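Residue numbering begins at 1 within each chain, and the chains themselves are lettered A, B and C in the order written.
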Amino acid sequence: MQNQQLKQLIEALLFVADAPLTVAQLCDYLLEQGRDSSRKQVREVLDELEQDYRERGVQLQLVASGYRFQTRAELGGIIAGLWQEKPPRYSQALLETLALIAYRQPITRGDIEEIRGVSVSTQIMKTLQERGWVKVVGHREVPGRPQLYATTNEFLDYFNLTDLAELPAIPEPPAKTINAETAPKESESTQ
Amino acid sequence: MQNQQLKQLIEALLFVADAPLTVAQLCDYLLEQGRDSSRKQVREVLDELEQDYRERGVQLQLVASGYRFQTRAELGGIIAGLWQEKPPRYSQALLETLALIAYRQPITRGDIEEIRGVSVSTQIMKTLQERGWVKVVGHREVPGRPQLYATTNEFLDYFNLTDLAELPAIPEPPAKTINAETAPKESESTQ
Amino acid sequence: MDASNPSPQQQSLPLGFVRGEPVIEKPEDLYIPPDALELILESFSGPMDLLLYLIRRQKLEITELPILPITKQYMEYVDMMKELKLELAADYLVMAAMLAEIKSRMLLPRPPAEEDDEVDPRAELVRRLQEYEAIRQGASHLDELPQSGRDHFVVHAETDAKEHIQQQLPDIALAELAVAFAHAMAQAELQHHHQVQREKLSTRERMSRILDMLQTQQRLRFADLFVAAEGKQGVVVSFLAVLELVKEALIDVVQVDAFSEIHISTRGQVYAEPTA
């Protein structure tokens, strides 16, 4: 397949796909269409595209679930003003809960409550799950088997991240004093 | 407003919009953002964008209701694969109806219903006719003049048959008395 | 609890009114315009947040946690909250109790032997505050990250590709058809309790073909139904088809005079247009 055509095709696919596309997905797709291309080739095309769009109004962005085109960050405010009703604002309580899950996952509701000193509102957990940012990944094997929460790829996509490691760093959880029988140790080990 | 930024903004707006945008709409949006731009300016930007995207996988296209970005025409067929779904399966009811028409043609809907013991949906008959496998070859001259269905040449072609006689033999139902007083259709035709 | 109950009792002059409720006292070393008070109180996301605020306001490190003044100030806020926002109070009261407990433990003289081992009663709270502060930082990082729908928008281009989608039609294997037929007939067998005879397919096909021809031509010459190339079998098949069609009252066979041409036509046709 000619390189120019491969590039046009990948570009077009990214612009019309309903979700971000990974290199693997692109390769599979091209193969299905009888256009066998190596990952290296596809990756090169993506690099070129990223370069081509660097100064444009839309840009190629890699997020957790793959590559997607999105508007330049500087334009967000203007565009939001035009046809979003209002960009969503999240409450401090929601952000803290989300931050705890993001930075200290996997984590139970009890852990969250302990650190925030407030009971976690069911509404917040529901919102986080409905947005697809947070999911239950298991249970802690203690009495009551509380659910363990973790963040999802959609969370990363929404915040323009490819990986949890890209989250800006915060201080490590301080060492526990005796008696405090709960969480962070476990979260550290799985992190 | 700097020209580069105006261009980026218009580009982003066109990519974000749910519908094509006219020059007038773009001017209005820009004005709303305190970026007064003349139609001429906007038109110039659009011309530039059109030029920029000429050889790309997506192109700026003027359609009846305005400008929009769309994929290159040559790519349509390939991209279509993104939405190509696996072929569905026909229902048992449809299969049996088709089988009855094939093996017992010409046959009325009433005949089919009598054999199958359930009514034949209009949808099934429509599907079979749209597929080109079944057609009406006449009417039985009884009250209501029900249509008589038969299979078509396309039907034979589809199954790679030259002749209906090549249809596979049917496992005979357990032998009973020889009774040529055949099909249920008899009851209808004798009125 | 009776904050909602306008109290006739004698009181000091209220500082102001928040949601119609008099605010009598102001927190020490702090004056907040009363209408801003509620906003401020609401802006705390919980007792830890408030506590952290109180410590930071004094430009202290968390580890220093001056338990006496902090507890006092905390209580003042809680009292205000009790009046303004009862539903918030519970979590704040738990913290108040904890502060009070720490305070009392710090005031207790320690047995000298235990002095070394004894953990600072503030330690656990300090740890929680540190962790909470880290998380608050995380929350503000999240808030600052570019977000979809706020800072950037996922874009899409139109495509005519969907027009290229060939509607995939279901496939059927020939064997499936035979099975379906057998199934339908077995079903009929069960229902009707009479034998369904297998017919010669080619006869059935010929019947269809004849009827089809009659769709376009009103009348067919009987002789035209027989094609020499088909051989004897073909003739037999056509003949049987005609007989079957007559039997099913689908066609009429008309011969005007003896030995004249035999014509066939659909039944309706005969009635509509009597042959000459």
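Just so we're on the same page, contacts are C-beta pairs under 8 Å (C-beta built on N, C-alpha and C of every residue); 3 or more make two chains touch, one makes a residue touch a chain.
To keep track of the chains, here are their UniProt names: A, B = SMC-Scp complex subunit ScpB; C = Segregation and condensation protein A.
Not measured: the values here are computed from a predicted model.
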{"item": "Central chain (distance from its CA mean to the mean of all protein CA atoms)", "value": "C"}
{"item": "Chain whose Cα centroid lies at the greatest distance from that of chain B", "value": "A"}
{"item": "CA centroid of chain A to CA centroid of chain C, Å", "value": "19"}
{"item": "Rounded Å distance between chain A and chain B, as computed from the means of their C-alpha atoms", "value": "37"}
{"item": "Mean-CA-position distance for chain C and chain B (Å)", "value": "26"}
{"item": "For chain A, residues contacting two or more additional chains", "value": "12, 15-16, 58, 69, 71-72, 75, 79"}
{"item": "Sequence positions of chain C contacting 2 or more other chains", "value": "153, 155-159, 161"}
{"item": "Chain C-facing residues of chain B, complex", "value": "12, 15-16, 58, 68-71, 73, 75-80, 82-90, 92, 95-96, 98-100, 102-106, 114-117, 131, 135, 137-142, 145, 148, 150-151, 159-161, 163-165, 167-185, 189-190"}
{"item": "Touch list for chain A against partner chain B, complex", "value": "4, 7-13, 15-17, 29, 32-33, 35, 55-58, 69, 71-72, 75, 78-79, 81-83"}
{"item": "Chain C residues touching chain A - in the complex, by the definition given at the top", "value": "43, 45-49, 51, 91, 94-95, 119, 123-124, 126-128, 130-143, 145-159, 161"}
{"item": "Complex interface listing, chain C residues touching chain B", "value": "153, 155-166, 168-172, 174-178, 180-189, 191-192, 194-199, 201-202, 204-205, 207-209, 211-212, 214-215, 248-250, 266-268"}
